[in-house]
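Shared between the two complexes below is subunit A, which pairs with subunit B and subunit C, respectively.
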Partner chain A sequence: MDAILLQILNGIDKGSAYALIALGLTLIFGTLGVVNFTHGALFMIGAFVAVTVGKVLDISKITIDPSRVDFLGNPAKIRTPYVTEWFGDFGLWLIEWSVLVSVVVAIPVMILIGIIMERGLIRHFYSRPHADQILVTFGLAIVLQNIIKAIFGANPIPQSAPDLLQGSVDFGVWVGMAENAVVYPLWRLVYFVFSMVLIGGVFAFLRFTTFGMVVRAGMADRETVGLLGINIDRRFTIMFGVAAAVAGLAGVMYTPISPPNYPMGMDFLVLSFVVVVVGGMGSLPGAVLAGFLLGIIESFASMPLIKDSIAAIGLPSIDQIIIYLVAVIVLLVRPRGLMGKAGMMEE
Partner chain B sequence: MSKLILNRRGLLKTGAAVGAGMAMPTILTAASDGGYTNAPTGSTVTLGFNVPQSGPYADEGADELRAYLLAVKHLNGEGDGGMMNTFSSKELKGNGILGRKVEYVTGDTQTKSDAARASAQSMIQKDGAVMITGGSSSGVAIAVQGLCQEAGIIFMAGLTHSNDTTGKDKKANGFRHFFNGYMSAAALAPVLADRYGTDRKAYHLTADYTWGWTQQASMAAATEAKGWETVANVLTPLTTTDFSSYIAPVINSGADVLVLNHYGGNMINSLTSAVQFGLKDKMVNNKNFEIIVPLYSRLMAKGAGENVKGIFGSTNWHWSLQDEGSKAFVQSFGQEYGFPPSQAAHTVYCQTLLYADACERAGTHNPCGVGEALEGFKFSGLGNGDVEYRAEDHQCFKDVLVVKGKENPTSEFDLLEVVEVTPRAQVEYDPENEFFAGGSLGTCNPGA
Partner chain C sequence: MTLMRDRTLLIIFTLFVLAAPLIFAPTGAAYPDLLQRFAIYGIFAIGFNILFGLTGYLSFGHAAFLGVGSYSAVWMFKLLSMNILPALLLSVVMAGIFALLIGYISLRRSGIYFSILTLALAQMSYVLAYSVLTPLTNGETGLQLRLDDPRILDAAGPEGFLPSTNLFGLEMKEVFWNPTVFGYDLQFNWGYYVSAVMLILSFWISIRIFRSPFGLMLRAIKTNQTRLNYTGVNSRPYTLAAFVISGMFAGLAGGLLASMDPLAGAERMQWTVGGEVVLMVVLGGMGTLIGPVLGAIFIKYFENIFSKINEVVLQGWFSFLPDWLSNFLVTIVSPFVGRGWGLTLGALFMIVVIFLPGGLVDGARRIMRKITGADRRAAKARNE
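Up next, the complex of A and B:
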C-alpha cells in the first residue's frame, strides 16, 4: 500500500509539471490556433531565470586571504556576496530563498519573452498550415536551447531549495499510516501545491475577470468578438505571455528537483504534447486531468513489480513508452481525447 | 546524334579527372608513402578529438577537450610542458610528433553511438585524422573503437569504464588508459565490507547500456563475495532525468544499501533524488541506509552538490594526489583554466602523450607500429604510479583510488577525499576472466 501511495505521489508530482506545460500549450492552441513547439524551451528558460537570479545574488567581492592557499598554492581568494555586504541578514535571506525570488522575477520576464516571441515571429505564421508552425517553433526551440548552452554551458547547474523546505516529511503519518512508511521530499509537495495554485489562478483569471471572459469568448468565436469592436488579437498576445509565464514558473520551481540544463525543456515538451492530445486539443481541464493521469501511469510503469511482470511475459520494459501507448489507445477509442469537444479530431 | 570531339586539352582534362577518381580510394584509405590510413606527408599531423559536447556526459566532454588542447600545446613545445617533464619516457621533445606540428579537429559524439561514429568517420575521411581519441560513454567508445579498427586508425579511448571495451569488444587498434568496472568493484568491495559490514542487502539502479551492465555485474559479484545480498537490479534508460519513480520502490524493498550504477548527469539526478527521498537518513534492518556510487568524478560531485557528502566510490585519478606527475598536471591545467582537472581530463591528456610517445619510439604513425610500441609498455610519472599497458587486452593496469564525498570541503574543488589507494595487484585479473571473456584483439589494421 505504501509503495502504491509513493508512486501516486510521484505521479502527481511529475504530472504537475506536465499539467502546467500542457495548460500553456492548450491556452496558446485555443486562443491563437498555433501548435507551439517552443513551449518546452519556455519551461527551460524559466529554470534558467532561477539560475541567473542565483548567479546575480552570488556576485561577490573577492579578497585575498594570505593565511590560506588555493589548489595551486597561491593565496586563497575569499568571496563575499555583495548582497550580504549591503543588506546583512536580509542579503543572506535573499540568497537562501533565491528560488522564490526567481518566481517574482520570472513573471514579468517570461510574459515579456512570450509577447516578444509572439509579436516578433509566431504571428507571421497564423495563416500558415500547422506543419509550418511546428517547424518554425521547433526551430526556435533549438535556437533558444543553443543560446542557453552558449551562455550557461552544457552542464546541469544545481539549485537549492530554502533550508526550511529541504529534506523530507513523513507523509504516511499525515494520512494515518505507520511512521516512516511513506517519506516524501518536502519540496516536491511544495511543487504540487504551487502547481495547483497556479492552475487554479489561471482558471480563476479566465473565469472571473472581464479579460478572461473576453478571451474565452474569443476562443469560442473569434470573429464575433472582433465584430463587437474588441481587439481580441491584443488579448490573445497577452495570453501568449501568460502561457509563457506559466511554463516559466513551472521551470523555476522545478530547479531544486532536477538541476537545470539546456535540453530539459525538450524532455517535457513531447510528453506534454501527448498530454494535450490525450486530454483533448483545446480543453484546459482536459490538459490538467491528462497531465496528472499520465504522470501517475508513467510512475507506476517504473515499479520493479510491473517491470518484472512485463519481463516475465517476454516483453521489453515499457516505462519509457507507456505514455505513448496510452495515447495510442485513447486516440483509437476516443479520438477527441478525454475532455475534447465533440467532433474535434474525429473527422 | 552528338559527335564526340576529343582535342588535346580535353584529353588532358579527362585524363586528370579519371586519374584523380581512381586515386581517390587510395587517398582516403592509404597514403602512398606510409602504407597506412591518413599517413601524414606534410609538416603537420592531425589528431581527432571526439568528445560529448552535449548529452548527459557533456560535462566530462568539455573537460576532456580542455585537456586535449593542453596536451597539443605541450607536444608543440608551448606552455610549461606539464607531465611531459615527469613522464618516465623521454622521447617527447616539444617539437610535435616525429617533428611534425600537432593539429587537431574536434567532433561532438552527443553521447550517442551513431553520432560518434559519424563524427569519427568525418574526421578520418575529411580531415585526415591519423588517431581518434575520446569518450565519455562506453557505448560510444566501443562503437568508435570498432570503426577505427575497420578504418585502420589507432583509437586511444577516453573515459570508458565498461569491462567490454577491453573485454569482449577489445580491438587490436584500441587502447584504454582508464580503469574499468571490474577494477572499481575489486577496489571498493573490501572497503565497503570494512565500513558497512558483511551483512548488507543491496539494491542496484543501473544505466541501461554496456557500461551500466558490466559495472553492476562486477559490483554485485564483488560485494556478494563479501557476504552482501543483491535484492534487485533495476535498469534505467540513459535518457532518464527524473529518477523519483525508480527511487521510491527502494524504500520498501528491504534493502539497506543503494548502489547507483550511474555516471555524469544520470548520477547527479539519481543521487539528488535519493537524498531528497531521505534515504541517507533512513534506518533499515537496524543499520544506517547507505548509498554507493561505484564510479565517481569531481565534476559529478560538483553537480550533485551537498548530496555527495560521505558517499563512497572509486576514481581513476584525483587532482589532490601528491606525486610529481599529478602536481605538474594540476599546475599546468590550473594555470590554463583556473580550476583543477577532472579524471576525464587526466586520462585523455595521458592518452595523447602516450600516443605521441609511442609514435616517437616506433618512428611512425603506422597503427601497427604504434600498437607494438604501446603493447606491454611500462611507464610512470603520469600520475598513477607504475603503470603497464597489458599486451593481451590493451588495458592499462595501475592503482585505483577509493574516494568518499568530503564532509567538510575547504574549497569548491575540495569535494572528494582519497580513502585508500588500492594497489594494482588487488585489481588485476586474468585476461580470460569471466567478465572479460568472449572477444579477441584480432590483428592490427593499418588500413592500407
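Up next, the complex of A and C:
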C-alpha cells in the first residue's frame, strides 16, 4: 500500500509539469488552431526567469573589512546584497523566497512574451498550411534555445527552494500510515499543489468569467462570435499570453526540482505532445488527465517490484519508454485520444 | 520536354558531384570528410523530400532510420566483412523494415497527429537504443569495431590493427589522387566517390519517382487527400510506400555514415537530427528535385564555416574599422558564430519559412524571373 502511494506521489510531480505544459498547448490549439512547437521553450524561459531573478536579487555590494583577513592574508571582502542593504530583513526574506518573487515576475513577463509571439509571428501563419506553422514555431524554439544558451551558457544552473520548503515530509503519517513509510520531498508536494491551483485557476477563468465564456464560445464557433460584434482575435491573443504564462510558471516552479539548462524545454515538449495526443487534441480536461496519468504510469513502470516481475516473464524493462508505448496503444485503439472530440484537426 | 530537361539536370548534377573536390577547393571545403557529409546528408534529404515534398506528410522521426542504418552497417562490419556493400544492403533493408513498422502505426493519422506520432516513435527508438537495446547498440558508448570481432568473410589482417572499411579493396579513407591544381591541394578520396555515386543514384531514383504515376499520386495526396479518397482511391498504401522509401534512403545515409567512420551512437537517432533534415529540405526547397541537396550542402557547409569563426577571427575581419566600431561589431556578430551556429541556423530557417516558403530554389527562380523579365512579359501577354 505504502509503495503504491509512494509511486503515485513520485508520478505526480512530473505529471504536474506535463499537465501544465499540455494545458497550455491545448489552450493555444483550441483557440488559435496552431500547434505550438515553441511551448517547451516557453517552459524553459520561465525557468530562466527564475534564474535571472535569483541573480538580480543576489547583486551585491562588496565592502572591504580591514579588521579581518582571509586565509591568504588579504583583507576580507564582505558581500552584502543590495536588497538587504535597502530593505533589511525584508530583503533577506526576498532572497530566501526568490522562487515566489520569480512567480510574480514571470506572470507579466510570460504574458508579454506570449502576446508578442502571437502578434508578431504566429498571427501571420493562420492562413498557411499546418506544416508551415509547425516549421516556424520549431524554428523559433531553436532560436530561443540558442539565445538562452548564449546568455546563460550550456551548464545547468542549480536553484534552491526556500529553506522552509526544503527537506522531506513524512506523508504517510498524514494519511494514517506508519512513520517513515512514505517520505516525500516537500517541494514536490508544493509543486503539485501549485499546479492544481493553477489548473483550477485556468478552468475557473474559462468557466466563471465573461471573458472566459466568450473564449469558450469562440473555441466552439469562432465565426459566429465574430459576427456578434465581439473582437475574438484580441481575446485569443490574450489566451495565448495566458497559455505562455502557464508554461512559464510551470518552468519557474520546476527549477528547484531539476536545475534548468537550455535543452530542458525540448525534452518536455516531446512528452507534452504525447500527453496532448493521448488526452485528445483540443480537450482541456483530457490534457490535464493524461498528464497526471502518464506521469503516474511512468513512475509505476520504474517501480522495482514491477520491473522485477516484467523481467521475470522475460521482457526487457520498459520504464523509459512506457509513455510512448501507452501513446501508441491509445492512438491505435482510440485514435481521438481519451477525451478528444470528433473533427479536431482531422483534415 | 520534361524528359530532356530532366536528362540535362541529371547530367549537370552528375558532373557537379563528380567534380566537387575541384569545385569546392576555393571555398576551403574540399576535404574528404566534409564532402562525404555533403553527399550523405544530400541522400538523407532527397529521401525525406520524397515523403515530405510530395505528400506533405511532415515526419520528425527520420533520425531513427538514420540510426538503424548506422547500427546495421556496423554490425555487418563486426560480423561479416569490412566490405561496405553487404553493410549498405543490410542498412537499407533494416531501415525499410523499421520504416514499415513506424509508418504503419503513424500513418493511421494525418496532419499534426502524424508529425507528433513520428516524433514520439523516434524518441522512443532513441530511448530504446540507449537503454533496453544496449546489447545491440552498446548504449551510451556507441557501437564500435573490436579486434576480436569474427568478420567471417575477411582474411585475418595484421595483428593488433582494426581493419578499415573498403569496397572490394578500395579503402574508404584512402586518398587515391592528390594533384595540385591552380595552387589548391586537391584530395580525391574513395569514400567521397562511393557516397557521390550513391548520391547520383538517389537523385536519379528521385527524378524517376517524381515523374512516375506513383509520384503523381503522392502529389494528389498532398493537394487534396479527401477528394482523392472520394474518387475511390485508398491513399494509405501510397503514403506508406513513400514513407518506407524515404526511410530506406535515410538507412542508406546512415549506412554510409558508418562506412566512412565505423561507429554508431544513439545520438544519431535523437529527434533533433530528424529536425535537421526538415531544415535542409525546407531551406533548399521542398518538393523540388535539386532543393534538398542544395539545402543539405548549404547547412553542412555553413555549419562547418561558422563554427570555425571565433572572436579573434572576427577582430581580424573588422580590424580596418575604428576600434569602437569593430568592438561593437564583434559583440553583435559573435553570438551568431562559433558555438552560436544554432542561433544563425534557427533564425535563417525562420526567415526562409516566413518569407520564402519555396526555399532557396524558389528564391533563385524569382531572381531569375526578375532578371529575364519573364514576369513582365507574362503580364503583358495576359493584358493583350
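Some points to look at:
What we mean here is this: the second predicted complex is superposed on the first by the 322 of 347 C-alpha atoms of A that agree within 3 Å, B and C clash if a C-alpha of one lies under 4 Å from a C-alpha of the other, contacts with A are read in each partner's own complex, and residues count from 1 in each chain.
Operating definition for what follows: a residue touches a chain if its C-beta (ideal position, glycine included) is under 8 Å from a C-beta of that chain, and two chains touch if they have at least 3 such contacts.
Everything quoted here is computed from the prediction, not taken from an experiment.
By the touch criterion stated above, A:Ser168 is placed in contact with subunit B alone, subunit C being left untouched. In the superposition on chain A, A:Ser309 makes contact with neither subunit B nor subunit C.
After overlaying the two complexes on the shared chain, residue contacts for A:Gln320 are found with subunit B and with subunit C alike. Touch criterion met: A:Ser299 reaches subunit B, while subunit C stays clear of it.
When both complexes are overlaid on chain A, the residue A:Lys149 reaches subunit B and subunit C alike. Residue contacts after overlaying the shared chain place A:Asn261 against subunit B, while subunit C stays out of touching range.
Judged by the touch definition given at the top, the superposed model places A:Lys14 against subunit B, while subunit C stays out of reach.
Once the two complexes are laid over each other on the shared chain, residue contacts for A:Thr63 go to neither subunit B nor subunit C.
When the shared chain is aligned, subunit B comes close enough to touch A:Ala3, but subunit C does not.
Subunit A uses residues 149, 317, 320 to touch subunit B in one structure and subunit C in the other. Residues of subunit C touching subunit A in their complex: 52, 56, 58, 105, 108-113, 115-117, 119-121, 123-124, 127-128, 130-133, 226, 271-272, 275, 278, 282, 335, 339-340, 342-343, 345-347, 349-350, 353-354, 357.
Only residues 35, 121, 124, 128-132, 134-136, 138-143, 145-147, 149-150, 266, 270, 273-274, 276-277, 281, 316-318, 320-321, 324-325, 327-328, 331-332, 335, 345-347 of subunit A touch subunit C when the two sit together in their complex. Every residue of subunit B that touches subunit A in the complex is listed here, in rising order: 53-54, 58-59, 61-62, 232, 234-235, 237, 239, 241-242, 244-246, 248-249, 251-253, 265, 268-269, 272, 276-278, 281-282, 299, 303-306, 319, 330-331, 334-335, 339-340, 410-411, 413-414.
Residue ranges on subunit A touching subunit B, taken from their complex, read 2-3, 6-7, 9-11, 13-14, 68, 70-72, 76, 149, 153-156, 158, 160, 167-168, 180, 183-185, 187-188, 257-259, 261, 263-264, 267, 298-299, 302-305, 307, 317, 319-320.
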